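The structures considered in this document are given below.
What follows is chain A paired twice: with chain B in the first complex and chain C in the second.
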Partner chain A sequence: MRLRWHHLALWAALVLGMLLLPYLVGNGTLRTMIFANYLAIFAISWDVLSGRTGYVSFGHPFLIGIGAYTTAILTKRFDVPVEISIPLAVVATMVGGLIVLLPALRIKGSYFALVTLAFMELMYQLVQVIRPDLTGGTRGMSGLPTLTRGAVNGFYLSTALMLAIAISMWLLMRTRLGIALAAIGMNEESVRGSGLSVTRLKTFAFITSAFIAGLGGAFYIHYLGSIAPRALFDINFLFTIIVAALIGGAGTVVGPLIGAFFLTFLLEFLRPYLPGAERYFVYGGMALLIYMYQPKGIIALFEAGLGRLGRSR
Partner chain B sequence: MAYLEIDGLSAFYGRAQALFGVSLEADQGDIIAVIGANGAGKSTLFDSVMGLTRTQGDVRLEGESLIGMGTSTIVRRGVGYAPERFNLFPYMTVRDNLLVGAYTAREDIQNNLEMVHALFPRLKEREGQETSTQSGGERQMVSLGRALMTSPRLLFVDEPTIGLAPRVCNEIAEALRRLRGEFGLTILIAEQNANFALSLSDRIYVLESGRVTAQGTHDELSDDETLAAAYFGH
Partner chain C sequence: MLQILIQGFLLSGLYALIAMGFTLIFSVGRVLDLAYGAYLLIGGYTYFHFSQTLGFPAAAGLALAAVVGCAMGLAKFRLIVKPLGGGHVAVEISTLILAVVLQAGVVLVFGDSSKILLPIVPGVERLEGATVPYSNLLAAVASWIILLGLYCFVRFTHTGRAMQAVSMDARGAVISGIDSDRINAITWMISGALGALGGVFFASYTQLYPGMWVAPLIISVAVVIVGGIGSIIGTLVVAHIVGFMEITVSALIAPELRGVVTMLLIIGVLVLRPRGLFGREEI
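Let's look at the complex of A and B:
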């Protein structure tokens, strides 16, 4: 693993900036930041699985949902404290990751994407009909315990979680393990021919992705204090995650992070002008423009800019 | 007992059979060429030895059967594979491509990198370049280098000259000769370019429609007029 000082400096600047932010902006902006943080966690989780290994998951809300519902049911129905319910939710989500892995051992491409989409849809239907006394059925659950009070604390908690995940993933992806995961996305046969166990690598990617999704999902609903199946297993939610990763730059850690912040603030900024679903139309258009002119995402624009600065010095 | 013995090997893709009882032998330090047209089964033969297809028959390395071992174990036993059309990881640097090959031989990374750089100095100069931006010859070098990072004693090279200029072919040939001479590797080459294969190899196997139809040294095969006309252009 080779670390460069300017990478570390950029991370340090980000951490510092986030620490100071509550002194600079109002609570409204902080609340938006909280959503951006969680979206960044989900986009990083999606990217570990899909951006690296090339197995495009259309079912990420399935994983997030397992984490969210597990901790919601445990805390609400069985009075389990969150210190226990969140780890259990993460473990349950990792098992869910293994379920998503099963089709990936046999199929790839659009077929895999469709199967994962079916997982999401299946779960949406199941939570409504199976034991609605536990899941809350179509209405979901409210009055769940929250971890923090107020925008500032919520912001710090979500930021700490997001940065911890982002930095550990960033480090992990710079090891040879991370390189091998990306190699699968480019040429799975060659990875196999080089003597690597593709199955083991994929299992690692799926479980890691699920771990992050479960962690994010559990903390997210304990921030919201409620869970609603229609919002969670929503195609718009799914696409927001995927588009955040792709706009920012798939196959990187910083890309999905940038994409999540960009998308969240874009949608917030447009809210006064386009109150309804038209906002999604705008971000679709933005996404289209970026794919056409810079398919590697916003991060590639940043890197090009940094490179230009470096040369002019 | 030969170093490598392929014994009545058949291979299948689903219901379709691609190899029909292929047998082949190589002694340690040999360079063996498998020649044949497109679709003759050369790549399938190599894939099968590597455990990448469903097979019947046997493959023995120093008397030990490789069948059923799994590719990862076969590579650990010292069998390296540079597949057809390089099959690199296009958006990765030369160095990262090589490192993916080094997964099964971590202890040897430094030695193997030195060997690769000694054979192909250009790869050292361009270690930070993405392979998608490289020429065909350079990619072939990365592909060979990646296979060498697995610390092989037996190396399978599938069509190393495909689409390359004659000068680059010579560089590749020179590297393969050095691998045998300096590093003691046993090498099997699949080729359509029979003259390239002949200039290098000790023995030649001709593969047609999944069967070995002729074998021998260059001189032996040149005496067969139909073969000579079909593959050697004289």
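Let's look at the complex of A and C:
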């Protein structure tokens, strides 16, 4: 593992900047930041699985939904305290990750993407039909216990969670294990040829991704205080996660983070002009243009810009 | 029982029409067009705008929907699929983004609320306790005619045989002097027209709303996966399996469960028999 001082300095600057932010901006901006933080967590989770290993998941809301629904049902219907229900939710999501892993052992590429999409739709339909007394059916549940009060506390909690996940993933991806995961995305056969167990590596990637998704989903639902199937198992939600990771730059940790903040603030910036779902027209159009122009995302544009500056000097 | 049979045949015919456009792209272009559902959305709204808001005759509305779908298909191929140069994941992701953009575009123009499409042909036929709206009958009959036409086109015309060749082996087709770009463009146009027509019929079954593209996309995915890539016959057979399963489940068990069985079918077939029930055939 090679750590450079300027990497550490950049992370330290980010942490410090985030900590000081509540003194600089108003509560409205902080609430937007909270959503950006959670979106960043989901995008990092997607990226660990799909950005690295190349197994594109169109069913990430399936994992997030398992975590969110587990903790919601436990706290609301069985009065389990949040300290116990969130770890249980994370464990349940990791089991869900193993379920998604099963098809990935046999199929890849487009077929894997489709089967995960089917998982998400299946979950959406099942949640409404099976035991609506527990899940709240189509209307979902509200009045779930929230962890924090006020924008500032919510901001600190989500920021701490996001930064902890981002930094630990950044460190993980610099180990030999992380490099092996990225190698699967490049050429699975040659990883197997190098004598590494591809199955074990894939299992690790799926479980890590599910761990982050479960953690993010559970905390997110306890921030919102309500849950509804259409808001979770939705193609628009899936779209936001994937686009955040891709626009920022898939295969990196900082990329999904940049993408999540860029997109959340773009959406917020458009709100005065286009109040409803029409915002996605501009938002999606920009995402499509950036993706067509530079599939590696904003981070690649940024690096190219830096490189040009360096040469001209 | 008769009710299930009739409903099953009507719905399956429509599903076959919807899934066919998706299969064509998957077998000739070898990519998944996740914006396929958007043809249905745009087709349905085009028909609504021209025949219901502006008062054009129904046939003109259908023809305009097909033309718009055709143009969309060509634009999608030229502007998105071709510049990306055949990267599967890239095409899937950019078409997914495109679908969301088009959905938002429809919201921008027509508003968020759902619209009810007047029946294309008014009236119902009563048959031993089963009521069959003429609209649904028309949808099924039209689907069969269109599919028969497509089958003959692919089988007996020069362009259709070139499509078969590209779907079997793109490189080999190019070596034999087939302009694979042109064939791809034609396939995308046919797919768009099929999708848009399917959308008009689908909207007359349910209703017209901006999120209506997801369900038919999932159905097409199911049909294509279960049937195996790109066989017209396989698509027909599996469209009937899916259609009859949905009708039976919603009639005998519970209407809410109809989608669940389709999803379980997709997952089961993909995990147990990834090549589909009918394997790989030419279109």
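Here is the rule we go by: the second predicted complex is superposed on the first by the 304 of 313 C-alpha atoms of A that agree within 3 Å, B and C clash if a C-alpha of one lies under 4 Å from a C-alpha of the other, contacts with A are read in each partner's own complex, and residues count from 1 in each chain.
The rule is simple: contacts are C-beta pairs under 8 Å (C-beta built on N, C-alpha and C of every residue); 3 or more make two chains touch, one makes a residue touch a chain.
Quick caveat: nothing in here was measured; it's all calculated off a predicted structure.
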First (chain B), second (chain C), both or neither touched by A:287: second
First, second, both or neither for A:277, with chain B first and chain C second: second
Contacts of A:128 with chain B and chain C, given as first, second, both or neither: second
Partner chain(s) touched by A:12 [first = chain B, second = chain C, both, neither]: neither
Contacts of A:304 with chain B and chain C, given as first, second, both or neither: neither
Partner chain in contact with A:164 - chain B first, chain C second, else both or neither: neither
Chain B versus chain C as contact partner of A:191, first or second or both or neither: first
Residues of chain A touched, compared between chain B and chain C (which is higher): C
Shared contact residues on chain A - chain B and chain C: none
Complex interface listing, chain A residues touching chain C: 54, 56, 58, 102-103, 106-107, 109-111, 113-115, 117-119, 121-122, 125-126, 128-129, 235-236, 239, 242-243, 246, 274, 276-281, 283-285, 287-288, 291-292, 295
Footprint of chain A on chain B - complex, ascending: 50, 52, 71-72, 74-76, 81, 83, 87-92, 96, 99-104, 146-147, 149-150
List of chain C residues in touch with chain A within their complex: 31-32, 80, 83-84, 88-90, 92-94, 96-101, 103-105, 107-108, 112, 210, 214, 218, 221-222, 225, 254, 256-257, 259-260, 263-264, 266-267, 270-271, 274
Residue ranges of chain A touching chain B (in the complex, touch as defined): 176, 179-180, 182-183, 186-187, 189-197, 251
